[in-house]
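Here the chain labels run A, B, C, D and E in written order, and each chain numbers its own residues starting at 1.
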Amino acid sequence: MNYWHEFVKGIWERNPILVIGIGLCPTLATSSSVSNALWMTLAATFVLVFSNIIISLIKGIVPPHLRIPIFISVIATFVTVVDLTLNAFQPEVYKSLGIFIPLIVVNCIILGRAEEFASKNGLVASTLDGLGMGLGFGLTLTVLAFFREMLGANKLLGLTVIPGFEPSSMMIIAPGAFITLGFMLWGMNAYNSRKKG
Amino acid sequence: MAEKESALLMKLSSAPHIRTGDSVTVIMWTVVAALMPAAVYSVYLNGLRALIVMAAAVAAAMAAEAGSQYLLKRKLSFHDGSAAITGLLVAMNVPPDAPVWMVVAGSLFAIIIVKQLFGGLGFNIFNPALAARAFMMASWPVHMTTGWHRFSQLNSLSGSLTNVFGLPPEVFDAMTQATPLTLVREGPRILHDFGLGAEALHRVLFSPEMLKSLFIGNVGGVIGETSALLLLVGGLILLVRRVITWHIPVSFIGTVAAVYFIYYTATGFEQAGAATLFQVLSGGLFLGAFFMATDMVTSPVTGAGMLIFGAGCGLVTFVIRTWGGYPEGVSYSILIMNALVPLIDRYVKPKVFGT
Amino acid sequence: MELKVFFMILIGTILINNYVLSQMLGLCPFLGVSKKLDSAVGMGLAVIFVMTLASFFTFIVYKFVLVPFGITFMSTIAFILIIAALVQFVEMVIEKISPVLYNALGIFLPLITTNCAVLGVAVLNLKSGFITAEMGLLKAVVQGFGAGVGFTLALVIMAGIRERLELAPISKNLQGLPINFIIAGLMALAFLGFSGMKI
Amino acid sequence: MSPTFRGGIHPPESKKVTEDCEFSNLSIPSKCFIPLQQHTGAPARPVVNIGDIVTEGQLIGASEGPVSANVHSSIPGKVVAIDTVPTVYHLQRAVVIEMEGSLSASASVRDKEDWRGMSREEIIQRIRDAGIVGLGGAAFPTAVKLVPPPDKKIDTLIINGAECEPYLTVDDVLVRTFPAEIVEGIQITLKALGIANAIVGIEDNKGRALRVLSGAVKGAAIEERIQVRGLKTKYPQGAEKQLIYSLLRRKVPSRGLPMDVGVVVQNVGTIYAIREAVAFKKPLFERYITVSGDLINRPGNYKIRLGMTVADIVEECGGLKGEPEKIIFGGPMCGVTVHTMDMPVVKGTSGILFLSKKQVSVEDFGPCIKCGRCVKACPVNLMPCDIASAVEVGRLDLAEGLSVFDCIMCGSCSYVCPSRRPLSHFVRLSQDRLRKKKK
Amino acid sequence: MMNSIVKPTLILGLVALISAWVLSLVNSVTAPRIAQLQRDIRSRALETVLPGYTVEEEKKVTVNGKELTYWRAAKKIDEKTSRRGYAFIASGQGYSGEVQSIVGVDDTGRIIAISIVLQSETPGLGARCQELASKKTLAGVFLGGNNGPESTVPWFQQQFAGLDLNRKIQVLKKGDWNPDMQEELQQQNAISAITGATITSRTVKESIERGMEMLRSAESFTPPAEEAAK
C-alpha cells in the first residue's frame, strides 16, 4: 500500500468537487470568504478523518445491512461535536457558517469515503485518505473563496486588496458563487483536455 | 454537439429560391434606429454624460463580441447589430451619472457570460442587457440607485414640474430628486418628517402635470426611460416594420394596467385611474415592453406563447413593484420570464393543420 | 392575519429565499436530475412529499422527545435517522399502494436521503424559531412544503433550459457542469428580483 | 374579405412581366428528349425501338402498373435513341426523337366529339389514354385521381386557379384566353366524377380572370353548379389542403388526401387538357408554360412541345441577357433549379425562370434567432425552426416529435427566415432520414 | 424472524447510546460557554452605549400595547453626585427586515452612543450601517505602509453620539460621513444617510425617536437648556 498516494489523490486526481462533482452545496455556501472556507475545511476534515478512523476500526463488527445507518450515526456524532465546539468557542464563525455545519452530515464526500474507503481499509490508510480528501475539498473551497472575496469585497482575510477598486458585491452572494464555480470547472476541463492533447 | 449539416446543403440549392429582404442585420440595426429618438432626447435632457455612457457601452459590447468570437473560433459577426443593441440597452438601463467603468463591465458581462458562452446570437437563454442590469444592481447598487437627474428646468418638450401644490421647498426639492417609483415608496416618509400626510404625495404623483411629465418625458430615471412618448414612437416603428409583433407589448402593458387598476380599485383608492396611468407610464415599462421583452431570442416563438410571456412579465412586474424590495420590477420580471421561455415553447405549440 | 403569515412563509421559501437559488441547498439533485424535464418533475414531486413529511416528523421529535429529555444536542443525529427511515418507509408504502407512482418516483427516493435540502429544512425549522411559536408545527410543515415547491420550481426551469441548450453550440469544455453552474448563477440573478419582498 | 387560411406569406408577385403576354407558339424543335417518367408513380415502358418512325401524338411509352401514365411523341420523326438524360426527376430514360415528316395531330384539326354521350368509364379511359397528369406541379396521373376508392364519397370538385407562385402567369392567361373551354372541361370532369358541384378558386390579384370566367359560367346555360370564387392573394393559396380549407373550411386530416374530405382538386391547365383529351382525343404532348425572369430577352407565355430543351427555348425566346445565377423549372418557391441547358420540359413544367444573382438568395445562413416568423408563416402550423435546429445537430429523435411528415414543402418558412436558414430543406432532410431509419 | 428485528434494533440502539454518551460529554463542556456567550452580547452592547455607567436594573414599559425594554444606569461624577443614564432597545422595519439597536441616553435626553445589534439589510447598502472605517490594506499589512488608525465604532453609528432627542433628528444626504462633517451635523442635530440606503438610515433614526417617546412615559428627562438655566 502506497500511503503517499492515498494522501495526495484527493487533492487533484480524485478531487471530490472538481472531479467527482459532489459536496456542492457546502462548497458554494461557505466560500464567500477565505476565512469561512478555511474554517469549513477544518470542520469537514475533522469529521472526515475521525469518522474514517472509527469506521475503519469497527468495520469488522458492523453487520453489512446496517452499514449505512451506523456510518451516518458515527458521522453525525462528529458533526455534532464540531457544531457544539464552534458554537462555544468560535461564535462568529458559527454564525457565518450557519446551517452548513450540521449539513456536513449529508455531505456525500464523507459518507462516500466511509463507504468506499474506510470500510475496506486499515487505520493508517483511512486516516490519510480522510486527510487528503479533506484537503482536496478545502483547497478547492479556498481557491473559490479567494476569487469571490477578492472580486466581491476587495478583501482577503478582512484586509483591503486594492485601495480604490470597487468590488462587485454580486460575487459574495449566490449568483457569484455559481458563476465562479462554473468558471473554475471550465478551467479544469480545459486544462484536462489540453493535457490529453 | 453533432457535426453541422452544412456540407449537405447542395450547391444546387433547394427551393425556395427567393428570400425576404429582411435579414438579421437589417432587423437589428432597425432596432438601434428605433431606440434613437429616446436616446437622443436623453442626451438632450441629461447632457453629454449620457452620450459618453452609451458610446462606451456600445463600444465595449461590440469589442467583447468580436473578441469572444475570435477566441471561441466562431464566425465574426460583431457588426450584425445585436451586440450594439445589447450595449445600447445596457447603457439605457443605468442612471445618467453611472460611472463609465461600470457600464463597460456590464456590457462585458452581457456579451461574454450571458451570450457568447451559451453559443452566441440565438442561443442565449437570458436577455443579455437585462442580466447585465441585474448584475450591476447586485454589484454596485449605489451607482445603480443614485445619480438621477432631477426633473429638468431647461426642457423644450415638456415644461418642468412646478410646485403647484405649495409643498415646502425642501420637500419639493427632495421629492424631485428621486425617480417617480422610488417616490411612491419613500415619499410618505419624507413627508412624514415634515409632518405632512401621504395625500400630499398622491396629489403630486397622480396629478395631470406629473402624468404629462412622464408621458412626454421629464422625470428622473435611467437613461432610456425618460420619455414614454419617444419609446412609444420607437416601438411603433418596430411594429410597422414588423420587427416585433403586437403580442408582447400589448399583453405586458395591458396586464400591468389591468392588474393595477383592479388593485387600486379593490383597495379603495379614489384616484385609481390616474394611479394606474402613473404605473403604466413610469419605471421603464415602455422600454421593457417594446424593446427588451420583445427580444426574439429570449421570448417565445408562437403568438400564444408571447401572450403568456407578456402577461407573466406584467404580473411579476406588479408583484415586485407592489411588494418587492426593488421599486422597479420590469427588468426582473422579464429575466424571470426568460427562464420560463423553454417551458412555454415546449408546451405552447400551434396545433398542426389537420390534426 | 394568520393566513398572511403562512402565505409569507410560502412566498419566502419559494421565491425570495429559494432553497436552490438563494440558499444554495439541494444542488446535487438540482444538477443531477435536471437533464430531462420528465424526471425533473418526478424528482420534484418526490422532494415536495418527503420535505413536507420530514418537517412534520422532525418537529414532533424535537419538541416532544429531544426537548423534554434535554438532549437537543442529539438533533442532527435524530434528524438524519428520521429522514433516512422516512424515505425507506415512503418507498415501501408507495410501492405497495401505487405501483404507477412508485415507477414514477421510485428511483428518486433513495437519492433524497442525502439531499441536504431535506436535512436543511429540518434544521431551518429550528432556526426559524417555530418550536416555540404559535402554530409552530403548521408553520414548519408549510415551510417544508414551500421549500419543496421552490426546489421543484428551480429544477423544472433548469430542466427546460438544459433541454433547449442541447441544441446550442457550447464549447466542449464548458458543456455539462460548468455551463449548468452559469445557468444557475443567472437564474439566481433573476430571482434576486424577489429579494426584500414584503406583503 | 376573400377566404384564406392561417399562415402563408406575401412574396413579391413579379407577375407583371408576363401577365399581359398572350399565348404564342414556339417553333417546333428539331429534336425532342421525351422522358418515360414525367409523372408521380412508375415510369412508362417504351413501346418503340430505335429507328422507328413515329407520328405526332403516337404512344411511345405505355403506362405500367396502377399509378403511371402514358407518354406520347410530341413531334413526328425518327427514334434516334432511348437514352438516359438529366431531367427534373434526376436521371431518366428518355426517347430521343429527331423531327421528320409533317405535323398533323393538333387538336383543332380533329373534329369535336360529343362527350355528353359518353359514359363515365369512357371519359376516364380517354383521360388515361391521353396520358394526362396534374399540370399544377405534382404531376399525379389524373385518371387515378378521378377513380377514388369506393369508401370515399366525393361531393365537390375544386379547380385550382390560384397560381400563387411569383412570376408564373400561365394559368391566369389560360383562363382569360379559353374561359368557355375551361367551363366545358369542368363539366367533363364533373361527369367523370359523377357529381355536380365545382368551385373554381382564383386569387384576387387576377381580377380579369375571375371576371372572364364568371362571365363564361353565367353565359353557358348549364345544369351543373359551378362557382367562381376569389381567394386572398397569399402564398401558398394554391396548395390543395389550404385551398380546400379556404373554400370549404374543411381540414384534410394530417397525412390524408383531399378525397378524405370528399374533394378532388385539379389545376385549370389539367382541366383544359382533359377537355382536349376527351372531346378531341388529343394526347398530352404539348402544354403552355411561362418563360420569365430578369435575364430572358423575350419573356412570355408559350405553347411548347414536351421534350423541348431549355437551350432551344432560350434560343426561341431571344437569348439571355447574362449568365443566370439560377434556372428554375416551376416557380421560385417550389421549383427546382436545373444545372444544364439540355434539360427537357416535361408535363409538370409550368414555367422556366432565368434569374440573376440580384433576384435569388445565395447568402450563407446563420443561427436561428427564434423570431418565430417561420412558425407564423407555416400554413400547416409546424415549428420549422425547431425541426431545423434539431436536424442541424443530428437530433432526429427531437425532429420526429414535430410532425415533419405534415410539411407540404411550400418553402414559406425558408422565405421568411431573416437568418436565411434553409428550413424546408432541413425538414425534407429529416423526412428522408426518418424514412431511412424506419426501414 | 425475531432476531432479524431485535438484533439490528439493539445494535443501532447501542450505537445511539455511545454517541449520546460522547455528545453529552462534549455538551457538558460547551453548554455553559454557549449560554455565557449569549449573555455577553447584550452586556457588551450595554457597555458600549453606556460607557462608565453601572447598569442597575432592567425594566419594561408598555405604551399603547407596545413593550419597550430598557435599563437604568448610573455614573458617579464625584462622591456626592451621580448621573443617571438609560439604555433601550429600538427596533424598526428596515429595507429588508428588522433593524435593532441599543441606544444609550443621558438624563438630559442626549444620545451617548448607539449600537446596532441586528440587521439584515443589503450588503453594500443598508448593511453598511455596521461598517467599520477600516483603511487596512493587504499591501499595507505586508509591506508596512501607513494604515491609519482603526476605529472600533462603525462610522454610521458614531454620528448619533451627542444628538439631542428633545428635538427631531434630521436625515440629510451629504454622502458618507467623515469626521470633518461631524460639527456641522451636530449643529443641525442631523445625521448623513448612508449613500443609497436612506431607508435604512431613516429606520434607525425613527426607531430611536419612537423608543425615546416610550421611554419618556416612564422616566423624566431634563433638556440641556433647562439644565443650563438651573
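Quick note on the criterion: a residue touches a chain if its C-beta (ideal position, glycine included) is under 8 Å from a C-beta of that chain, and two chains touch if they have at least 3 such contacts.
All of these numbers come straight from a predicted model, not from anything done at the bench.
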For subunit D, the least number of touch steps when starting out from subunit A: 2
Per Cα centroids, the chain farthest from subunit B: D
Interface with the most contact pairs, given as the two chains involved: B-D
Chain whose Cα centroid lies at the greatest distance from that of subunit A: D
Chain with minimal offset from the mean of all protein Cα atoms: B
Gap in Å, rounded to a whole number, between the CA centres of subunit E and subunit B: 41
Subunit C and subunit E, separation of their C-alpha mean positions in angstrom: 35
Distance from the mean Cα position of subunit D to that of subunit B, given in whole angstrom: 50
Per-residue multi-chain contacts in subunit E, two or more chains: 16, 19, 23, 26-27, 95-96, 122, 124
Multi-chain contact residues (two or more partners), subunit D: 367, 392-393, 395
Two or more partner chains touched - positions in subunit A: 69, 73, 76-77, 80, 84, 169-170, 173, 175, 179
All touching chain pairs, where touch follows the definition stated at the start: A-B, A-C, A-E, B-C, B-D, B-E, C-D, C-E
Subunit B residues touching subunit E - in the complex, by the definition given at the top: 140-142, 145-146, 186, 189, 193, 325
Subunit A-facing residues of subunit B, complex: 105, 113, 135, 138-141
Subunit A - residues contacting subunit E, complex: 63, 65-66, 69-70, 73-74, 76-77, 80-81, 84-85, 87-89, 91, 156, 158-163, 169, 172-173
Interface residues, subunit E side, partner subunit B - complex: 95-96, 122, 124-125, 168, 170-171, 195-196, 198-199, 202
Interface residues, subunit D side, partner subunit B - complex: 9, 11-12, 166, 241, 245, 251-256, 326, 328, 332-337, 339, 355, 359-363, 366-372, 375-376, 378-383, 385-386, 391-395, 403, 406, 409, 411-412, 414-420, 422, 424-426, 428-429
